[in-house]
Structures are given as structure tokens and as C-alpha cells.
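Letters A, B, C, D, E and F name the chains as they come in the text, with residue numbers starting at 1 for each one.
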Amino acid sequence: MFSVTVRDHMMIAHSLRGEVFGPAQRLHGATYVVDVTFRRATLDADGIVVDLGRAAEALRAVVAEFGYRNLDDEADFQGMNTTTEALARVVADRLAESARAGALGDGARELDGLVVTLHESHVAWASYERQL
Amino acid sequence: MFSVTVRDHMMIAHSLRGEVFGPAQRLHGATYVVDVTFRRATLDADGIVVDLGRAAEALRAVVAEFGYRNLDDEADFQGMNTTTEALARVVADRLAESARAGALGDGARELDGLVVTLHESHVAWASYERQL
Amino acid sequence: MFSVTVRDHMMIAHSLRGEVFGPAQRLHGATYVVDVTFRRATLDADGIVVDLGRAAEALRAVVAEFGYRNLDDEADFQGMNTTTEALARVVADRLAESARAGALGDGARELDGLVVTLHESHVAWASYERQL
Amino acid sequence: MFSVTVRDHMMIAHSLRGEVFGPAQRLHGATYVVDVTFRRATLDADGIVVDLGRAAEALRAVVAEFGYRNLDDEADFQGMNTTTEALARVVADRLAESARAGALGDGARELDGLVVTLHESHVAWASYERQL
Amino acid sequence: MFSVTVRDHMMIAHSLRGEVFGPAQRLHGATYVVDVTFRRATLDADGIVVDLGRAAEALRAVVAEFGYRNLDDEADFQGMNTTTEALARVVADRLAESARAGALGDGARELDGLVVTLHESHVAWASYERQL
Amino acid sequence: MFSVTVRDHMMIAHSLRGEVFGPAQRLHGATYVVDVTFRRATLDADGIVVDLGRAAEALRAVVAEFGYRNLDDEADFQGMNTTTEALARVVADRLAESARAGALGDGARELDGLVVTLHESHVAWASYERQL
């Protein structure tokens, strides 16, 4: 199995609802360093898993949509806690849509799956892995 | 599949028995930077894999038990080599016990598995992965 | 010249005023990984620059004061932009006060200076260096 | 499942054929920081996955063979694109041969698989995972 | 003293002349992860050392000029060894020109100095520091 | 001012005397990831600060001397606390001797200074800087 990973980041504000979150129930924020890993059983005719340039652009589009925003005010996140693990899934699902829509090139239709990891600090991170 | 990871560290002395270990047969030591990854198929009602605060406390308890000690003198490690991979398993098994005992909260009973990685330097690390 | 550094982090929300900040004029947030370096020409009788435990506690107190907050609402930051470089100075000045107040131990009065670095992402960070 | 990982690096020149590569079609180069992970279900009698010293030597032999070279001129790479993911497979296959040939010790015959990750920058890396 | 740092990277081919370089006399390559630190005694009216967006663009322009090239063929580098430390100086001098030409904004004329660090691997890097 | 840095590591056991050290008064250990930075105002005829190969060998010799040992038993360390900052000085002084003895090549006599940083964990490190 092959994989390639690209990294970008986004800086957001949010608050979390539930006693389990302690002080994180207050409005605060995070820098998420975002790693997206694309998995594929075989390489395409060019010898790649996916066009890295397009993959980086697709990731950039997602972090540009969420970045520099207060997620508490975004329609997409009403009624859910924007925890690091929940956001990892949202980013993964957006990139899966991009892949299906052809934004990563024709070869991306051969991808088997992807993993999104959001690093919230030097001591904590979360991932979501899904098939394509 | 979702996962969250927390990081802590411990500083220990030990020696290893067996010609394969060369100079590491002498009493020496290591800083282990310890990453614990908790895996779970779905998020709980709060939108999390596990309470990060409790997970960090459970890890802190384990590294506090082993840290600042000579493992050669600890009863738990008699008759075994405390290699990085063997210690990764010990840490994982301790955290699995903590989860079963409820120290990570009720939701932790839904965890599928965990991975413990011990980084012994910038060029070597070892992991142990187990189910819960 | 000797130095020791300790690392911690804080997660905050804020917005920045001024066209130069582009989308960062909106309410957003950041994880700041904070490194504090203490400098001293000679070691004390114990062979240290400063008590690392006390230094870590003093840093923990500062990040606990600012962390999990919206800096736009904090009285201390009215009328200033909480840029990464400006916050580095605030953290440095707080720690200088702690040192003078004896929170880092008697030996800390021999410190020559300190540097605070705030990492806002994997591709950007800022520092403030001052004397003590 | 246990694993151990060792890290080394190699610096090479190459060019890539295909419009998808844009400016990387020109002769350029890369530092690949190479991580090799060896997986094994159980530890051997010494309590290890594989002899770390021999594993590091085997990896060093591979990076010495490719390093400080223009891959475009190497017979092994004629007719293929030396993308990061393709090179990860080449490194993995060489190490699998080393393991089979006994270069990693007798215990290495019990290895289940290995993963090779090549980091080409702080924002991109690729992996190849195979069984042994 | 304040400073801010931005990071980018470039991938180049080159060879080095002189017995001291051993195998690096052959055509090979490198990924340079490039950190540029801008120093300034006081912050401007916006509370910044320099416009981070413009600083990142200026750095991007420099790495785009050198990246994906064989430095042995570039007119700028004839008659010199493109060692990591020598390249750090070239990058620093280019950015100093950009600052003087106004590419970093008017405030950049108040900068005191800059430091360029080129990381060639996880175990080696070089810097050049200059005044502005 | 130019500089180049090389990294290696050593794994040692030791204990520290003095109440300030708390649990670190017990026999324990550490992995020290060691960075050595060599500073020089101008480059030599080859375009370098120092021969990186020789610098790495000189550092390797120092970490081989101390590594895989209990520093409490070493004659060189009797009567002193082997704190991270104190060890940084010992490593720096050894490398200064190597430079003076010609082990880094003739050009090394032009070095202005060096800095040794010992990373004891992902959250703490210490440095010693000296002239040559």
C-alpha cells in the first residue's frame, strides 16, 4: 500500500459545550496543523498516488474556508461540538467530495482511502480515517 | 475510525541483557517521549473519542510511576529486558487497565484499541498496538 | 553563557485591527506553543541556571491566565493588537515579574535575561528577548 | 503488534517526466529523511522486534547506495519516475531482501512487515507498506 | 528585541568542488527548509515586526527562483560552492534587497537585521545573520 | 556571521544531588539529543564554516565517550552535578579542545565560537555558548 501526505494549517476560534471540556467551554481558539494522507494500492502511470500539487490546493481550499473564523458562527457547525476529532472528519469528508468531483485529477478515483490528522498542540492531536 | 493522541515523557535508567545490545548492556538511561493513541469507531455524545484531560492524567500516572527510576531495581521488570518495544507494551497494558477501571470515563469503555509509541531519540522509536 | 528552556502551550481566540492583517481581522484563534529561555552567565551551587520545576510552574501560571480565553475581552489587552510578537513580550514581562518576586527561587535573581518564543504554526513564530 | 523504527537520510538529484510534475520536470534534488518501521507480532527471546544496530546498518547501506547521486543516471531507475512514493517502495524492497538474506539477524525472519516513509520536506512525505 | 520567523522550502540539485566534500562532489541534491527571522527593536503602529504575509511572499519569491533547478547551471553561482552556509547568505542578501526595495512594506525599513537558516536534513543546518 | 550545526545523541544514567531536584535525586537517565553549532565570521576557501564530516565525527567521539554510561561512576564528573546545562558545557569544552588540536581541520582555527544544546525531552533543553 502506498500513501502520500501533505500538510497545511488553519487558525480558528470556537467553544465546546459539555462539562467534560472544562475551561474549553469558554470561547478560545486553536491552530490546527492539518496532515492529509492519501492511500492507494498501486501507483498510476506517472508513478504517483495523487497529484501533490492538486492535493495541496484541495487542502488549501478547505483550510481557507474554515480558517480565520469563529466556528461557533458557521452554519455548518450548528448543533455539533467542533472537537479536534470531529473537525478531522469534516476535513476528510470535504476532501473525499473533492476527489469524487475530480478536483484531484482522474487518477484520484483510484484512491482507497484517506486519513486526516489535526495537531492542536505539541502534545495532542486527533485523526479520522475513511475509505473513498 | 477516529483517534486522539496525547504526549508525555519519562526519564529512566536501565541496562539490557544480551550480546545483541552491545554497549547498552551497561547501566545507562533514556528519555522516552510517550505518545498514546486511543482509537474508536464513533464519537460519543460530546463529540469526542475520550476525555483528553482524563487521558492525559492516566498517562501522567503511568510515567510518574516509572519515571526517575532505575528500572533494573523495579519488581515489575525482573526477568525481562526493558527494551523500548517491551516498555511500550507495559505502558499500553497499564492504560488498558485504567480504561477498564473507569479512569478514562464511562465512554472509554467504547474504545476499540490503543497504540503506545516510545521515542527514545530523534532517530529511533518503538510502538505497541492492542485492542481494548 | 548558559541557558535553559521550558515549553508549554495556550489556546486563545482574538482578532487583529488593521488592514495589514487581512482575514485575521476576523475573530479567529491560535495555539501558541510557548518556549521560555532563561540565560545566566554562571551556574549556581546546584549546577543549574534556574529550578526547572519552578520555571515550568511559572510558565504554567501565565498560560493558564491567558489560555482558553478570548483576548479581545481581556482588560489587559484593550487598545493593543495581540499579535504573536506583542504576546511574546507580555509573557516575557510576566515571567520577569515572577523572577523578581522570587517565584523562581533566590538563584533566579542572578538571571541575565530571558527569551520567549511563541510558535503559532509549523511555519511561523515570533520572539521577544529582554534583560532581567 | 509491535514495531520499531529507525531514521536516516539521503540527498539525491533527479528529474520527473510528465506534465503533472510542473517545474519538477527540471533537474532538481531532494533530501529524503527515511524512516523504516519493522513490524512483528511477538518479541524475540531478547525482547526485541529486530536488532536496532543491524537495522540501522541495513538502512545506512541503502541510503549510501542511492545518496549523493543523480538518480537519472542510475541503471536501476531507467524507465521509471523516481517519485517519493516509488522510491519508498524501492527502499522497502531492498530492506526486505536484506532481511531475507539474514542481514538483520535470524530473528528478522519472524518480521511480519515493514513500512518505509520518505519525508521530502516539512510539508510532504510518502510511504510504502509491505509484508515480509 | 523582537523577531518573527517564516518557513518555506526549496528543492535543488548541485555538486560541490573540493576534496573536503567527499561524495558530495558528485551531482546530488537537497531539500532546504528555509527559516527567515526578521529582527527589530520596537514594534510598529500595528504591533508587528513586519507584515507576515509580505514576508512570506518575499521568501516564496526567492525559493521559487532557486527551486527545482540545478544550481551548477545558474549564472549567479558560477565560481562559488553552493554550500548550505553560502546559500543561506545568498537568500539573506536577496531578502535584504527586497526589504530595501519596499517589498516588505514601509515598516520594514525599521528592521535591524535578519537571520536565514537552511535545514538540509534532520541532523544538519546552517545560518547566516546580517544587519539591514 | 555564519554558523553550521550538526546533531547526534547519547543515552546516559545519572542522579542529581540537592533538594531542588526532587525525584531526579534518584538514579534515573536521559537521552540527550545534542546540537553543536559552530560560528565563524567568514567562510573558508571551500565556502564552508567547518568540514561537516569532521565536525560530526568529533561530536560522535564525545557522545561515544559519555553514552551508555552511568555518569555517577565516571571520574570526570565526581563532585559535580551532571545537569543538562553543566553537560552542555562539558561537551562544548571537549569540542573546543578537538578544534584546537586540529581534529576539525586547519580552517577550524578560524572559528569564533560554538554553542552546544542538549535536548532532554520535547519540553526542556539547555545550552552553553563559548568562544574559541
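Here, a contact is a pair of C-beta atoms (placed from the backbone, for glycine too) under 8 Å apart; a residue touches a chain by one contact, two chains touch by 3 or more.
Predicted model, so just to flag it, every value in this text is computed and none were measured.
Undergrad: Taking touch as defined above, what minimum step count separates chain A and chain E?
TA: Minimum number of steps from chain A to chain E: 2.
Undergrad: Decide which interface, A-C or C-E, involves more C-beta pairs in contact, and give its chain pair.
TA: Comparing C-E with A-C, the pair joined by more C-beta contacts is A-C.
Undergrad: Can you spot which option in C-E, A-D or A-C is basically B-F again, with over half of the contact pairs the same by residue number?
TA: Answer for the repeat of B-F: A-C.
Undergrad: Look at all chain centres (mean of CA atoms) and spot the one farthest from the centre of chain F.
TA: It is A whose centre lies farthest from that of chain F.
Undergrad: Centroid from C-alpha atoms only, then distance chain C to chain F, rounded to Å. What do you get?
TA: Chain centroid spacing, chain C to chain F, equals 27 Å.
Undergrad: For chain E, write out the residues touching at least two other chains, lowest number first.
TA: Where chain E meets two or more other chains at a single residue, that happens at 7, 122-123.
Undergrad: Which of the residues in chain C come into contact with chain E in the complex?
TA: Listed in rising order, the residues are 16, 18, 20-22, 80-86, 88-89, 122-130.
Undergrad: Given the complex with chain E, which residues does chain F contribute to the contact?
TA: That would be residues 1-8, 43, 46-49, 51-53, 56, 105 of chain F.
Undergrad: Spell out the residues on chain B that touch chain F in their complex, using ranges where they run on.
TA: 7, 9, 11-14, 23-24, 26-33, 67-70, 120-123
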